[in-house]
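Note that chain A is present in both complexes that follow, paired respectively with chain B and with chain C.
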Partner chain A sequence: MKTSKKIAALLSAAVLSLGLMSSFAFAASPIRIDIDGKTITSDTAPVVQNGTALVPVKVVSENLGAEVTWNQVKKQVTVQTAGYRVIFTINSNTYTVNGASKTLATPARIINGKTMIPLKAIAESIGAAVDYNSSSNTVTIKYFTGLTGSLKVSGSTTVQPIMQAAADKLIAQNKGLSITVAGGGSGAGIKDTINGANNVGMSSRSLTPDETSKLNPYVVADDGIAIIVNPNNPVKNLTKDQAAKIFLGEIKNWKDVGGNNAPILVQTRETGSGTLTTLEEMLLNKAKVVSTATPYTSSALLKQAVAKNENAIGFDSVGYVDSSVKALTLNGIVCNPQNIKNGAYPMSRQLYVFTKGRPAGISAKLIDYLRATTCQNEIVSKEGYVPFR
Partner chain B sequence: MKLTKVSTIILVFVLLICFSTGSFALSAKDAYKTNSSIKNIIVMIADGMSEDGVALTRWYNSYDAKTGNIDTTKKMALDDMASGLVRTYWVNNNIPGAITDSAPAATAMSTGVKTNNKFLGVSDQKSPLATILEAAKLAGKSTGLISTSQVMHATPAGYSSHYPDRSKEYIIAEQQVYNNIDVVFGGGSKNLADRPDNENLISVLKNNDYNYITTKDGLSGLTGKTWGMFAPVAMSYEMDRTVNTPNEPSLAEMTKSALNILSQNNKGFFIMIEGSKIDWAAHANDPIGVISDVNAFDKAVSAALDFAKKDGHTMVIAVTDHGNGGISIGNSDTSGTYDKDPVSKFIAPLKKAKLTGEGIEAKLNADRSNIKEVMSNYYGIDDLTDAEVAAIKDTKAGSMNYTVGPMISKRACIGWTTTGHTGEDIVLYSYLPGDNRITGTIDNTDLANISAAMWNINLKNVTNDLYKTAKTTFEAKGATVTVDGSNPENVQLVVTKGSNTLAIPENKNYVILNGSVYEISSIDVNIDGTFYVPTEVADLIK
Partner chain C sequence: MKGIGVLPVPFRMKRYFYMKLKLNDLVPGIIIRVLSFVAVIVMVFMFYFVFYKASPVLVSSGLKIFTQTGFDKQISDAFNAQNGDPAVTFGMLGLIGGTFFSTLIALVIASVLGIGATMAICEFMPAKLSIFVKAIVRLLASIPSVVFGLIGTITVVPFVEKTFVTVDMQIAYLEYFQMTGRNLLSSVIILSFMIVPTIISLSIDAVNSVPASYREVGYAFGMSHFRVIWKIVIPSALSGITAGIILGAGRGIGEAIAVSMVCGGIGYLPDFTKGFVGFLTPILPLSAAIINKSEAMSVPAVESALFTCGAILLVFSAILSVSAKLVEKQIRKVKGHDE
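Up next is the complex of A and B:
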């Protein structure tokens, strides 16, 4: 409260000193917005009105991991984080936070075709700290910094690399924060979250109705399940039907799909693996992978097995595919970000994290971080997965 | 002066007549008028409830099995509401059919337009039609939907989705989830999170601020938008519920909870409440299932009436969508005895059943070696023939009521003419503020049209506003329109003009303009590659 009053005062002082009294005035030099020490880039500069900074809703929200939705008829813009849903009505002095109505002095506005929302109101609503430095004309938002506490995360080994990299980043910028990330597979992660054995779970398969009734899932990336073979295997493409028959054990020799005269060695994942469940759903019409297939307990181990054996075939998240294995095209469609994103690749899926009930505190911050622009661009993409937005 | 006196006398006389008969009668023609006294409309549909099923249920309730006493004063909540008849025919290319299925019946009752078999919320030419539920929502009222089947089944789907194939429940489910209905109670969670497109609609509901509940305990103290999914597919028959699935609520419990939530909107509400499985029991010729769920429906009617009488601004309509089974008290065995047969002849055998023909299946063990015990303990038949035992043993899972229903019917002399629907006029039950009624023989389309007229809504205008043909609308603005089917489970329409790209995903309530998400007041409907969008979406491309 103190801080916000201070900002308002500072901002209005800045405005006064610059002599910008008109209600649609821009600051002489645009205000800079720093989120957790990083200046965000936007084609729209913030605006000061009646001492309140109005910021472009989309760029600020997505940098905080929030989703933005417009409603033309109701003249509303909704900003949704993992923990909060904030609805502003254009030119209205009331807004709602998780359904509770609040008032503000300077409402959200449409300025030059862009929706601008009051920074102080949105920051306070979703639990961010804001400050204003008049000499550098900079608004500082602390959202993913100043976090303390400890979190336990477990589940899908497909999601694990994204989670580990995100946790490393957050721990690096938050002294009092500890996050332990364990694998165990999607099934174990889901069970752990339901039983309260972790704070956040990870899954590479979609949750069942019963599981979803107990959990609040959030998409953190798009993904494709690549059919992988040894780089020395001459086969480049399988039809969906051929791939299914191989994993069902009905096609047993590579020569039957245009390869060498050699037995097909099917590698698989352990029961409970989200990647296995998704493969069985999307490729095998819910039938089981042939029982003679060798199971591995993680995405990494399965990949190593295929990398070592010329006659092996397996499957892995596109995030695990590297030069040690070769991803086959399926029905002639390459397993790449574009085909995954538009769903053209037949085994496209989404990756999830979830909490028991609506996320709050640092669990919510972790989920927002995973969904924020920085993490999507710098971690999800780099790890080989596909940003979901 | 003299005249005034006369008119006063007449008025008093009229009032006396009215009070003495207990209710006002309103012809269908008179009902077609803006009626500011009606803020809320509750439509209750007892699917497949032939009128003899009601009479049978009333006798069942009247008969004391222990003493054999019969209390002829026993009434159904429905009894005082009976006020007229409803025609139910359907059409295909203007050719009428005498016996309707639930999809065209629901569409007629929800949109005011007759349509083709299997069609939901679309005309017989497959173009979307606004429903009274959607029109109520646009008018700022709250909306609700309750069924004991999965809520994606034909009747509730006819009020809340637009698709020419009732069997595509996963498409219907997606439209319902995105149709922003305030209260949805029933079965069907499987259609929300075990889907061909791999989407998780429960997660969508939670993100859209819905309470999501799965047991009857969750029904109390609710405020705000709520989805209650009490079974993966259909809920149990009322008789079986307490024994087999005690966590499920009754139809009356769902009704009370929904009315509690919806009545918090001072602009009023619309709700459709279906007793879904009377129909399924009638298809199976199981009189126990019929009695079980006619009673469950009647208790829900009673709850709705209590609300309406207390509220004073609520119309309650109860109907069936069509007859089913040709159920009759008396069959060919009573041709020579009917004029001597006591009530007990028909009712005593039925009173011995504790579960419906569906409910007993859960009591049979895996190898069905306990058929005689189960049939005696739970269905009241202890004189099974060897052929009957064999027939029960051979019945495939999920259709036990089809096997045992006729067995108990025979013992109770309950007649059936078919396992399909029937074409009789159905009874109109109504209650309007001031203990008023709608009278005469109306058409099932009148139900939507009278409701709309009372609320001063023109459903045709709402259809024109919500469901414009996207291609012609955007092409007239000089835009390029293509169907993007790269993901067959999530087809979208892509509109481009200049630097603007508008993506319209099927079955969702939003569009994406240049990467920004715009929520809309209806759903993007795709019927065989033809997309329909509301005016507000058309306006996004100048």
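Up next is the complex of A and C:
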């Protein structure tokens, strides 16, 4: 009892003196924050109070992939990463990490109308390595670097390009990390995750209540399903009704929708595809695609089939659409990020990754990376999908 | 608890001699026996596992598996029912028909081509050229099947569509199925190319093992080269050639990836009463069905149905390998020579 008190006293003294010293240092020059080797710029500069750096919540959400929510009644900021849920109460010295209560010297504050949270506390709570260099007045945070281990990812071929690009980036900046990304379709991915055959699963459809009870899903991107035809097909637009009738097999000739006198060859995905399930829900009122439609096991194969056949029609995630096929406008609305984001395009959806139980370790880091603004802007957009934030 | 140390002296002597004399034979013998036993156990376990997984569908569908079609719709329905009940009725006649027709027709084509090529290599080519061609055949046999599939989608599928399918035919048949380049014919073409190298490799070995004296007898009787081949070489090598054909059939039945890329992916039963249109029907052989439908395996009924496909394939190939032995034996008996 006595020794622990002594230690506590010593510690607090140390913290206090460190705080005084650093507050002096901070006064001299503005603090610099490096996250994974990149210097953070923010429109609101970090503030130092009693030796603690307070940063705008946006810094955390953008760079560490956390989701930040604000509770006006309780004056609470909730920072939610894949693995951790950290709740700060404004001007309160206690905060909670996954439900466990902790104390800090300098609480979260509202400064000039912006919510500022203590950087060290939040970074350490969610499992980042934090280091302070007083001579350069720099806080160094390692969150997506220094990772080791191996991960298996499988599921939706729609999410696969995003996942592969993110995995490549992470592998490039982490020497001991290996991530294998396989397809298989949403159905297979969900089954694999439930059975423990992968660490992280991917799905392009929302999970059923039964699946949600077994898995922890996270949104990684917004997406639209584009109706695609061969570039040589003169048809440019379909009404939602016409599109539905084509996929149901009720309209069989292109001349009925303003095209050539040629058969409409519907190309579809195999049962189990999340893209197919979403199409059937959003376009066909849960009816099934015409039984004569040729099925493909992946988004890429379907696109290739449409690119090769002048009379084919199919559907693919907007991320797969390129110059080899032509995306039709639906009710005159172009399938582009803007129209997907604001919901004007009729077939918009979200893409998910998930783990069995609460993600931990590198699985959690991978999910946070996918959700971080950097990845959303640099990878999700570049692959043709729509950032969800 | 008697240790070796307390054994009576004669026993120890015996053991010593035993070790000295028999150890060299005994240990490898035991190892080989254990290993072959493991192989048998694995086989038994495989059969058990596949049939165990297939049992819900086998029980609920019974003979309907062999008499009903509509597999694709049943899979889709089972997937969308989402109630987790694995006992759903599936009809796999279309799948079995697809496997049967594609393999059988490909086998006929490949046998003719294969035996012809073998005779060309063994009987008519200069030695240097035949060595070169043999190397190419062996290379062909070892090409991964996905490569055949890729070549199929890029060349065979458009070729078949351009050559045999017209827009009018497409419109006329759209009611029943999509007439494109992905169909039974494309599957047969791809399968033939995949089976031929197997048949040639085995046939070459069989022809080479026909004793030279047999031919000499033929020539002594004044037979032409062609008659020697037809009357002496082929009949003498028949057991080996048959083994090659049966192995080829095994490859055809089991081939999944390449066929799944060109077959059309829907389990229609080709109807040859309509003439050539039967060849332009999309099919879904059993092995391709396992690949294509595995996306929906999260549903127990679908999983069980796919294991049923596996069980049927397993039985087919077991029958094939047993009949290969029987046929070989029978041919040897009839020909009255032993190797």
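FYI, the second predicted complex is superposed on the first by the 361 of 389 C-alpha atoms of A that agree within 3 Å, B and C clash if a C-alpha of one lies under 4 Å from a C-alpha of the other, contacts with A are read in each partner's own complex, and residues count from 1 in each chain.
Assume a contact is a pair of C-beta atoms (placed from the backbone, for glycine too) under 8 Å apart; a residue touches a chain by one contact, two chains touch by 3 or more.
Because the structure is predicted, anything quoted here is derived from the model rather than measured.
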item	value
Fit or clash - chain C, chain B, common chain A	fit
Touched partner set for A:Gly185, first chain B, second chain C, both or neither	second
Which of chain B and chain C A:Gly272 touches, first, second, both or neither	second
Where the C-alpha centre of chain A sits as vertex, the angle toward chain B and chain C in the overlay (nearest 10 degrees)	100
Which superposed partner A:Lys175 touches (first chain B, second chain C, both, neither)	neither
Touching partner for A:Lys252 - first (chain B), second (chain C), both, neither	second
First (chain B), second (chain C), both or neither touched by A:Thr78	first
First, second, both or neither for A:Lys38, with chain B first and chain C second	neither
Partner chain(s) touched by A:Ser291 [first = chain B, second = chain C, both, neither]	second
Touched partner set for A:Thr208, first chain B, second chain C, both or neither	both
Least Cα gap, in Å, left between chain B and chain C after the two complexes are fitted on chain A	11
Residues on chain A lying within both footprints (that of chain B and that of chain C)	208, 210
Contact set on chain B toward chain A in their complex	189-190, 192-194, 198-200, 202-203, 206-207, 209, 212, 214, 224, 229, 232, 484, 486-487, 489-490, 510, 516-521, 536, 539-540
Parts of chain A lying in touch with chain B, wherever the complex brings them together	58, 67-73, 78, 80, 85, 99, 206-210, 212-213, 216-217, 281-282, 342-344, 348-350, 358
Chain A partner contacts - residues on chain C that touch it in the complex	72-73, 75-76, 79-80, 82, 153, 157-158, 167, 170-171, 174-178, 180, 182, 260-261, 264-266, 282, 291-299, 302
Chain C contact footprint on chain A (complex, rising order)	184-188, 190-191, 194, 208, 210, 252-253, 261-266, 270-273, 288, 291-297, 301, 304, 308-309, 311
